[in-house]
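As written, the chain order gives the labels A, B, C, D and E, with residue 1 at the start of each chain.
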Amino acid sequence: MNAQADAPAIRIAGLDKTFIQGGFRSRREVKALNGIDLEIGRGEIVALVGESGSGKSTLARCIARLESPDRGVMEVFGEDVLRTQRRRASKAYRSDVQMVFQDPFGSLNPTQRIEHVLARSLRLHGKARPDLRAQLVELVESVGLPADVLSSFPHEMSGGQRQRIAIARVLAVEPKVILADEPTSMLDVSVRIGVLNLLAKLRDEHGIAILYVTHDLASARYLADRIIVMHRGTLVEGGESLALLDAPRHPYTRMLVGAVPDPERTAPFDPVERENYRVQIADWAASPSERVVINEDSGHWAWMPKEAARHA
Amino acid sequence: MSALLDIEDLVVEYVSDERSVRGADRVSFSITPGEILGLAGESGCGKSTVANAIMRLLKDPARISGGSIRFDGSDVLQMSADELRSWRWRETAMVFQSAMNSLNPVMRIADQIIDVLRTHNSMSRAAARAEAVRLMELVRIDPDRLKAYPHQLSGGQRQRVVIAMACALRPRLLILDEPTTALDVVVQQEILAQIKDLQKEFGFSVLFITHDMSLMLELSDRIGVMYAGRIVELAPASVLKNGARHAYTQALLGAFPSITGPRRRLTGLAEGTRFTDIGDLVEVAPGHFVAPGDATLKTEEL
Amino acid sequence: MRFILRRLGFYLVAFWLSITLNFLLPRLMPGDPVSRMLSRSQGQLDPSQIDSLRRLLGVDDRPWWEQYPEYLWRVITGDLGISISRFPTPVTEVIGSQLPWTLLLGFTSLVIAVIIGNLLGILAAWRRGSVLDSFVPPFLIFLGSFPYFWLAMGLLYVFGIGLGWAPLSHAFSVGLQPSFSWVFISDVAAHLIMPALSIVFVSIGGWMLAMRNTMIGTNSEDYILMAEAKGLRPSRIMFAYASRNAMLPAVTNIGMSIGFIVGGALLTEVVFAYPGVGYQLMAAVQGLDYPLMQGMFLTITGAVLLANFLIDIIYVRLDPRVRVS
Amino acid sequence: GCTADTSSSQGGDGSGTMLTIPREDMGTFSRNFNPFSPNAAPMTQQAIYESLLIYNPADGSTVPWLAESWEASGDGLTLTFHLRDGVKWSDGEPFTATDVATTFALQQQIVEGSFPYVEGVEAADDATAVFTLSEPFSPGLFEVGQQIIVPDHVWADQADPDRFENPEPVGTGPYTEVSNFQTQSFDLLPNPNYWQPDKQQIAGVRMLAFAGNDGANLAAINGDVDWAPQFMPDIQTTYVDRDPEHRHYWFPPTGSMVNWQLNTTEEMFSDPEVRKALSLAIDREQIVDVGMAGYTIPADCSGLSGSYETWKDASLDGECGWIAFDPEEAGKMLDEAGYELGSDGTRTTPDGEPFAFDISVGSTSTDWLSVANIISQNLTDIGVTATVNAPDWAAVTAGYEQGDFDSGIVWSDNAPTPYQYYRSLMSSETLKPVGEQTFSNYHRFSDPKADELIDAFAATSDEAEQHDIVNQLQQLYVDDAPVVPLFPGPEWGAYTDARFTGWPTEDNPYATLSTRSPTTVLVLTSLQPAA
Amino acid sequence: MASTKTEALAMTPKRGSRGGARLFRNLGRNGKAIAGIAILVVFIAAALLAPVFFPEDPSRILSGGATPPSLEHLLGTTAKGQDVLALTLWGARSSLLVGFAAGILATIVAILVGLAGAYFGGVLDDILSLATNVFLLIPGLPLLVILAAFMPPGLGTVVIVLVITGWAGGARILRSQGLSIRGKDYVAASIVAGESPLRIMLRDILPNMASIVMSTLLGCIIGSIGAQAGLEFLGLGDSNTISWGTNLFWATSDGSLMLGQWWIFVPSGLAIALVAFALALCNYAVDEITNPRLRKPRRAASANAPTLVTVGADDGKGARS
């Protein structure tokens, strides 16, 4: 892939995706992605948060070329891939951009041994070395697993282990971008942090850019350099993690932040406040909006009505 | 204060041809009236087993092979099928993990609520319907939705219907088995707030099961932490928050990043760590029980 | 309503496809059905009739795009041609007199098999490990493994001839005139018992097992557990909660199995000389009466499709999830 | 709609005396009483309509029926029938010679090429029908005489007589009134105007429909029917033994001769010696005993069936030498003809090809299928490979008609005189080249000597002369072996006299027990309720 | 009815089935499967050994008439003097051959159609599932009869006709199963990894449908054997081959039931039933393996009996439930 030296890992502009939903009952259109503009820098972890059904996975799957967007531009290291590889992604693209899925139980073929899964990834992308076995051992060790898991079947392993294998498979290809779609939500609480730490290690040691899709704001804050908030197919707010969560601007972000369980909080999230947010979210969504930069330093921006922006 | 529910050395086994698994192993705890007791632990540690054992809802390979369950002095394990039937829901109601599936998909909401009311109280249909309307209002759902089928409600609404149903007979104990895990954070908060409100209003005790420690700390009075069928630590929430003694509890608490404050590196529980030979609880401070010894730790460090 | 309309659309397309299949059959098969038929009916057809037959069966030289619309039009206007073996009776007339009997036989045996089979399945699933659950299903499967006609003949010889309990053939006693009288209806019922039983015997095991298996699945659903936790009476749980839901796949299966029942009825009708469509179809096949065969096939297919459509409508009533709010 | 008609009227009370007859090859009936239609409801030609005369193959006699007498002119070109007096149609109209004329006009119009020798029919007066022939044709008497006659006043102005379903038939027969017509049964009640009212002893005829022998047999075994004309396996055990006092059967071998026909246009079958050899190789006893359940007898040298008993040349008996079962002799003859036995036990043709061919027979005729299988076995024993090929009858007949077959089992013509039989076996008139459709002489054989004899037979009405000619034809047959005769088709028939008596028997062969032949009406008018 | 039960099964999600190998290993442990396989083995052995036991042409017509079972003819003889046991054993050859051939072919068609529809989706899927549903609804036996009437008789015709009428049920189940596997993340993972569609279908989707493929196959074979027998019984098969169906055809045409010659009629019918039963047993074993809930419980219990309590050595308390 003819990467441009200075281009970001991924740049997306004006991406739209509409699903026609419904079997016999009703046929309706769901606008899963609505004019998405997004950049992921090299070696950067960007968290994409939002409630269920907001379109997070769809975006990740579009970048992974599992779905094809209706329109928009998608540049990977400067190459406009939707134009150059219209029908199917090239091998080179596949080895640059990889994906880790939400369900570690579902993302490994139950009929194949780990060994086979990993070796297959290596071979497909011509990354296999003559000492394949040693390479495989290296690979599983790099995700913190002992070598003997190689001969097991997925169902013989715990969820955390499986997710690590899924990451190892992705690493086998030596990607530059990893799309991680809620990689920890199906895992036991106690091992989640381990997987997050592993992702952080990949960024730090291999300079891999990661799109971390989650609905858990706290983990996003823990892992990501930047957070982007998605609501009903639209990106509503974004910026450097800490700055954004310290002073969320968009009512939707505020509502999310307010709902995060917090042992320090004595009274639960105030229902009145929540209703206010709801009203405001609807108001904002109804009025013509624009991307307003709130803080240049932290890159904090919000999608807000022009009026409100002026007011601010 | 005498306990409403008193469980002692409860053992539940899943017996299959090849082996028998202990889903709950000598579990003891009690709940006093009006108390919210949280039960935390990773997946498969036996939380639901305990909850279902209390209502004796476990099915075939499961059997209760030890201990006792006393509810307000009467022995649940000795109840006949008929006694059990009238005890269930009237005294102890339960909200299951997934609201999606705990409502009968082919029956209207109203009928499912009325079913409960009419089975336990001999009331007329009309009265039961009026009561159903009241219950819906209680959980702030438009009573018009009584006519709806479950699939026509959102996940949060469904969960609230179940909660309304649970409150229908004013039970003295409410068991909530991960009532919000399938829901969005915002909805989750709404539901929890509602439960708190209802609890204040009716004064029932709650057995609250989840694996989300932050949620648990926010809601519960006392917390029990389970691991591999055993309770490894039992203490008031305030004590546990900063003074957890058991390594597993500490790992659990350490697995939740905070939404505020500086970013700290957390470790959680390392992959492959196993605790074995967990002993019986020992009271280390008033009301604070811990299973002795850090047990065996088998860890591959990251 | 939309659901119904969409299903209706599907059935229309399905019917259209089976008409097309019917159109293609004589045209794709080797040989010339018309001359085969003509050799049977020496000299009884005049040239215009032969020509009409050729058109119907596609043995003329016109290109298919001319033949096809004409064929469609004929079928749609109810012109299925003239029966050769029953010349000059039109096919529709021949079929008309048989269809009710097949419907009666098929419907009766279906209803009996479905009701008893499903009831047994529900009870077996409800009491796992009981005699009903352990021994009845294998026995019924074994029974169901026999070919329809074999069982039918067995019944015929044992009960009809050996014991003389049941009439041997036909749909009602010779000499009776069809009427809504007790005499006639009971006579029809007496003639129906054995053919229907043979179909019921073969099919009931499948129903029982399917129901048992779905019930077992349903019994472990959360809403059943919840119903139990609610302290409902077992009978209420079994019927209002478990069976109601387990019935749904059974209802879809009814549609699927109508084809099987019709097939079974065909063989059974032959054995019992029951005057239904299947029996006539065999006669048509033996008489190489292609127009009649095709007409039969279209009629049977149409009836099956119609039945399925009715079942879809029932399904909508039973499963609120497909209903539009 | 259905009105409450509980009385099941004549059906119920009359059924005790209704003569019940099954029809095994019609699954259902349609109300078609058109006697010109081959799909007419059963008994149309037997009970409703009648012919001028009836030939009884069981005893070779001829019974005057609607005609009291007839004569041929000296030159053989006119045929005059004197009609019976006092015959009325069932609607009360009188029966006249006009009806006869109309009938023949209709028949010739409906079936092209029927009665090719009849130039015209005229009603000389009400009681005299005169046929003008184009050439002298003695066998025509029976053909004409056995034609079913329909009423002029019903049929004359039928626009489409072959499509007319004639739901309320008007006939001269003994049972004409259709009643309680159902898809699987109907009743024929007495003709109120029958010309022999004293012979209408039974209350009516009731027909039952069955799509196969099985159902009809069950009905017979169960005693539901009085007359069982269909094939019944082991009839003694299945049927008679259940009520030996009342149940009887009689299978006169008066059906048409069943032949194994070899396609003589094929090289291997063109040699009469080969045909004779093959004939010698087959075990007719086994064919008759096993294949035909012992219900008939092996064919003899004459090749004539039992219905031509009176025509057989007694002097010929046993002289032909190629009918008996003699595999050794067969082998020898084949060796001589050049079809030699190889070391592998199979024979080759003189060209060195394997001597192998098909026997085609319709799959539904299981008895003939067994016969073919036995032939095939017999031939295997002498090193000839005969494969039984059993598609449906239509495909088989199509092959026969086009000459596209090796060999097959085929019935032959059966008429009052052997004229038609020999004509279709040996005349060049019936010989059609391969590829041209023919409805007789499938084996495609002719002999000019036979032509002469056949023509001479047609030209004379003198019986002695005719017998002489037939004797010569028999000799020719023995020499030529045009086909391999197997057995005369039996006319199945069984009955119970529990309810009706007066059945034809071997001792009183006034008719056969067939329900579909012209003699059936003789039975219908002879039966009477049992005491 | 085969489709009915597998249908129900297709709706219960399954986890952790590891393809064919494990399925077969588990079959070896299941009582039903063992019984079924044992019966099948007996019949297959009988079919293979028929020429050894009865080297003569079993259809050879001998005089002698039907004789009841005796030492000389263990199952007696037919009206044509043929040995019934020989006919039954030889009949197994054609019946099993046609049944298995048609069953396997129909399953292959079902797999192709089901997989292609499930994997590619879109218009292709719409067309394929329409065809599937139509063929599923068109009554099989009448179509079978008509096809057989139009085509020249022979084993080939029978097989083709059985495949035409037999594939749809399996295709529907395989499609719905394929669709659910298609939606699994490991398929998406394979796509992202850059695998080709064909490889994904064959290596990712197909092995995970092993049990459904297996029950489809078994169902198709059962259906084919039954349908073949039906066709031949109606005289639409090739009456010159020896199979169970033609044996029954000849038995009826010789009136053996009427004559009380049960020994001619029973063996072939019983053979069909036993083979179908054996296959059905295997099918139910497959069900039980993929859905352990269906296995026989150790104890008879009503579905909503309260949890068994065995506190204390005596079982008394538990018995109160």
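As a working rule, a residue touches a chain if its C-beta (ideal position, glycine included) is under 8 Å from a C-beta of that chain, and two chains touch if they have at least 3 such contacts.
In UniProt terms, the chains line up like this: A, B = ABC transporter ATP-binding protein; C, E = ABC transporter permease.
For clarity, every value in this text was computed on a predicted model and none was experimentally measured.
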Lowest number of touching-chain links that must be crossed from chain A to chain D: 2
Centroid comparison with chain B (C-alpha atoms), farthest chain: D
Interface with the most contact pairs, given as the two chains involved: C-E
Cα-centroid distance, chain B relative to chain C, in whole angstrom: 52
Centroid spacing, where centroids are CA-atom means, of chain B and chain D in whole angstrom: 91
Where chain C and chain D are represented by their mean Cα positions, the distance between them in whole Å: 40
Touching two or more other chains - residue numbers and ranges from chain C: 31, 128, 161, 220, 228, 270, 282, 286, 288
For chain B, residues contacting two or more additional chains: 52, 57, 59-60, 84
Set of chain A residues in contact with two or more other chains: none
Of chain A, residues touching chain E in the complex: 61, 64-66, 89, 91, 94-95, 97-99, 101-103, 105-112, 120-121, 124-125, 153, 155, 166, 169, 173
Contact footprint of chain A on chain B as seen in their complex: 42-43, 184-186, 188-190, 192-193, 196, 211-215, 217-218, 241, 248, 251-252, 254-260, 263, 265-272, 300, 302
Residues of chain C touching chain E in the complex: 10, 13-14, 17-18, 21, 25-26, 29-31, 33, 125-130, 133-134, 138, 141-142, 144-150, 153-154, 157, 161, 203, 205-207, 209-210, 213-217, 219-220, 224, 228, 234, 237-238, 242, 249, 252-253, 255-260, 262-264, 266-267, 270, 278, 281-282, 285-286, 288, 290, 293-294, 296-297, 300-301, 304-305, 308
List of chain E residues in touch with chain C within their complex: 1-5, 7-9, 11-12, 130-131, 133-134, 136-147, 149-152, 169, 222, 226, 229-230, 233-236, 248, 252, 257-258, 265, 269, 272-277, 280-281, 284, 287, 291, 293-294, 296-304
Residue ranges of chain B touching chain E (in the complex, touch as defined): 52-53, 56-60, 62-68, 77-81, 84
